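The two complexes that follow have chain A in common; it is paired with chain B in the first and with chain C in the second.
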Partner chain A sequence: MSHNILVKGLRFAYPPLEAGGPTQWVIDGLDLSARAGEWLAVMGASDAGKTTLCLLLAGLAPHLTGGTMEGQVVVAGRDTREYPPPGLAASAGLLFQEPEAQLFNADAEAEVAWGLENLGLPAAEIQDRVDAALAQFRLEHVRHRPPDQLSGGEKKRLALASVLAMQPPVIILDEPMGGLDPAGREEVLAALATLRRDRSATILMTESDPEAVSAFADRLVVLERPARQPVDSARGQAIALEGTPREVFQHLEQLADLGVSAPQLARVAATLNRRLGTQFDFLTIDEAVPALAVHLG
Partner chain B sequence: MTSQRLDLYVTRDTWLHRLDPRVKTWAVLLAGIVGLAYKHLLVLAGLLLLTHLALLLARVPGERVRWLWRGLAPVLLLILILQPLFAPGPGPDLLRLGPVRLTQSGILEGVSFALRAAALAFVVALLLATTQPTALVQGLVRVGLPYAWGLTIGLAIRYLPTTYGLFVTVREAQEARGWIVSRGNFVKRARAHVPVLVATIIASLRLSDSLGLALAARGLGYPARRTTLHHLHFGAMDWIVTALVTAVLGGLIVLRFVMGLGGRAW
Partner chain C sequence: MADTALQTTGLWFRYQEDSPVLRGIDLQVPRGQFLALVGANGSGKTTLVKHFNGLLRPWQGQVFVYGQETAGRSVGELARQVGFLFQHPEQQIFSASVRQEVAFGPHNLGVVPAEVDRRVEAALARFDLSAIANRPPAILSYGVRRQVTLASLAAMDPPILVLDEPTVGLDARGVGETVAWLQELHAAGRTILLVTHDMGLVVEHAERAIVLSEGGIVADGTPADLFGQPELLARASLGQPPVMALAQALSPWGLAGDALTVETFCRAYEALYQARSLASTPPPAQEGRSTTGGDDRASQRGEGQP
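The block that comes next holds the complex of A and B.
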């Protein structure tokens, strides 16, 4: 089976803050792969290198950030070392954590069109893709509104629409739920649900929200807390846990040690299992209600 | 909404908004030359009045115009005070206090400089109020500016409100923790703003770093000939306004440089 994302023996260190300063691995020994149409979630503590992984997959690191890289990252069949970032734009789309830096055009329509214009597509095709992306993320009503006048949820949806309009085979989402209020979170969850139904691209999502991970991901990888080893050290092991979200969220104590939250309902199930000797393994409210109803008779 | 206060573009559908950005940029260029070349009060006041008439026709809200005047007021006041004091010019003294002289020509020069500053500011404001940054960039690129340069200008306009918003956020955050920047005399307030500015500059640098990554991720520099969704169309109205603007402002420029008119404030 073909892999749209293939990461082998990856190690990465940013340049030292001052010349001659210590250089430490931010990612140390990562092996990862994702098939076409698969949704892979990556969790980890706040300094586990999740955003760095996104930059590496999009080819932005080390080309634009500088730093030391070992191993191999292949995205949609292209080795990121051999393709500078503009060349990878059609292969991998990246949704940044902060939409502010990603939305720089005069209005929503121009925002979605900008990347397509860079790809040199004909105007008619650009128009079709812009219309489709705005409709898919329910943004037609803000078509001519400046991005800085949109709500947090609308900004994330617009950034997502801008990435998806380019139709890359690999989509990288860096903390799509980050910094959103409850209304914005619901909007983005609905937008992600449309992606989930589509299933045409490989999606890698870093996320701290375990509910979002259990709702969408086929597979979950939890990164180790970074040991910050010097660059001349032996290769480490970046992945602490791997499996389906249901499998990974069974390891509540290990997740806590790794600085990763589990879904609230997974913790409820574990507590009930411990105290009542039950065998619950629900992660979502939709799973919990019937399971508890059966138990309570 | 601090971010909206500095965003000068006003969404309307007037003939001024619909004009090709190249026509408006050409008009601003000529008006800028007139504003810089002339000292005559009537010409500068006329230019200022014309600009306000255009703002009215573009249905730019009065509050936006007043906001710009409020922003300009300290600069204009400084010009009005300092110009006559430091460059009193020829003519009899109206007032003399030691080495300080005040003359009629000095005062008129001060008024002329203030009018010039206001006229130039409003000419640029008119362009930005009626032209989307994207269209402005597209227009500049069509007349030969490299796309990267046009994009840089567009981004500078786009991120002006964001940077100001950052400044206000940092100031409010520091004030919430007891760092008061709005009390005391001018020097004290200026000093109190230093930590606010440092934090704003650092945040802006981080933002520009992220922006660079975002531009590359969306294919800036992709190995293909860049296309555009909306093409600029130079219509009949554009030709008429170009001819009119060139005749009037170009005529004024000729009068100034060929016939030597308008070189004095009065």
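The block that comes next holds the complex of A and C.
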């Protein structure tokens, strides 16, 4: 049982809009697991339940959202039904899709320190971790600035610095690359890669950038888009595709139906295969250049 | 002047005394242009575009909409000319239902009720929101809320649209719907100013791209001009679409380096492959001068490759 994330038979519905209204499952029958040190990407359409899954893993759903939950979610050995969010904070760190949702302190430094103070760490240790996190994400120049005066990208990096400074064994990231420029993306991905290597952190990220997924994720899960009309009876299939990014990104037509983008180079490979009868399966530049060079002769 | 939709002259802005965010921006956007504004996080993109609907006012310099200075004109007045899509949907959603949210803008502009209804239903249909029109926006996912804000803007139908990262958080289908909508608006003569980190969008849709770095304009030209300068892209912390990087990596084999999209790359590659196949089985009697010349050059350079 070395799973850092274990999800079994999970169904979840938010509270109905009116009392006695129909139950609408947002996640409908999900089984998922991730080992220590594993990097899992989750893709899916806008309303496939990705954010809800993140909230469930951090225990915010159902503890703060209410609603109906069936099945089991275990994070770093803790069943989220038995541990409300404060008891899970040391186990699972969550980066929200919108950084404003988690920035509320007087300045950037206090923001990073807040979670560490709640963990009850000694002051010197807190200071060390704050300094390191601000340096790692190029935020030293805004150390004493209120979060609402930061740019979109700076806010995102500050939120991530706050989560990673807590060094949780499980890191949940909801669209971590959204709105970041290439330098910001590289920083985020490099910081995550380091945490995984040095601490065997388990990473689960929802992500719409297929290039980031194919470059970093060990495994990719694509969630089915649930019906928009209430469904009370039928138990749907929450996972449409699962495998390594290379395996999943071969199903270009199915991905399009699921509302998921494929890497540009996978689309190049598929187009050339169709027109020239080749059998390319590259995803990255490093794979594509030698393959095409050989083909060109 | 009426041919200029948006203009700034010597625009400086600062949030804090000691650190100007915009440093003397001179920009002119002709009516009907599809302009992309790109640059690193913190380069001043959002700060610049917020001047066009009066949310921010210059510290120094001037801002004009259709030749008329924005000083002294309210956000509400400017909203008739400049439709604005915020970077984060919760900055602009407040109604009780999706339908009310989409109706709010045109209603506020004084559009007659029957026309408001027509525009709202069309916008809901376009962004795949009809089935959830009665739901409260607050319970919807980020991507769907983003679509609600796009539908709101579509229903207002302003002559100038300023969109701050409209595709972040959208799924592939949502991006496709948004891009199709922008293309239609462009064809209908609307002026579009798009702030984005998605270089693929810039390459495929913008007529002109402006690069902002540390509060100043460092490049201004067609997307092809811009993406042909890897050192500039690196300096401004901009990414290159993978297909462009691949085209450049294959240029020693003779691939045209200007392939910017999957389709143009594949066409260029096919042409190159066929030309090289013909060249490698040379019909001895024949000599197509221009083709052979090109291929020779390509294969010579190709041999130098590992």
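Keep this in mind: the second predicted complex is superposed on the first by the 268 of 297 C-alpha atoms of A that agree within 3 Å, B and C clash if a C-alpha of one lies under 4 Å from a C-alpha of the other, contacts with A are read in each partner's own complex, and residues count from 1 in each chain.
Note that contacts are C-beta pairs under 8 Å (C-beta built on N, C-alpha and C of every residue); 3 or more make two chains touch, one makes a residue touch a chain.
Owing to the predicted nature of the structure, the values given are computational and were not obtained by experimental measurement.
When the shared chain is aligned, no partner comes close enough to touch A:E247: not chain B, not chain C. When the two structures are aligned on the shared chain, A:E100 is found in touch with chain B and with chain C. In the superposition on chain A, A:Q149 makes contact with both chain B and chain C. Contact with chain C, but none with chain B, is seen for A:I285 once the two complexes are overlaid on the shared chain.
Contact with chain C, but none with chain B, is seen for A:P263 once the two complexes are overlaid on the shared chain. Shared-chain residue A:A293: touches chain C; no touch with chain B. Within the superposed three-chain model, A:E140 lies out of touch with both chain B and chain C [touch as defined at top]. Contact with neither chain B nor chain C is seen for A:D198 once the two complexes are overlaid on the shared chain.
Look at A:D79: by the touch rule set out above, it reaches neither chain B nor chain C. On chain A, the surface touched by chain B in one complex and the surface touched by chain C in the other have residues 98, 100, 149 in common. Remark: chain A residues 55, 58, 60, 64-65, 85-87, 89-90, 93-94, 96, 98, 100-102, 104-107, 109-110, 113-123, 126-127, 130, 144, 146, 148-149, 162-163, 166 touch chain B in the complex.
Residues of chain A that touch chain C in their complex: 14, 17, 44-48, 50-51, 97-98, 100, 149, 151-154, 156, 175, 178-185, 208, 211, 228-229, 255-256, 259-261, 263-265, 267-268, 271-272, 275-276, 284-285, 288-289, 292-293, 295-297. Looking at the complex, you find that chain C touches chain A at residues 15-16, 39-42, 46, 87-88, 90, 131-132, 135-136, 139-144, 146-147, 165, 168-175, 197, 200, 237-239, 241-243, 245-246, 249-250, 253, 262-263, 265-266, 269-270, 272-273, 276, 280, 302, 305.
Across the interface of their complex, chain A is touched by residues 1, 3-4, 7, 9, 11, 132-135, 154-155, 158-159, 161-162, 207, 210-231 of chain B.
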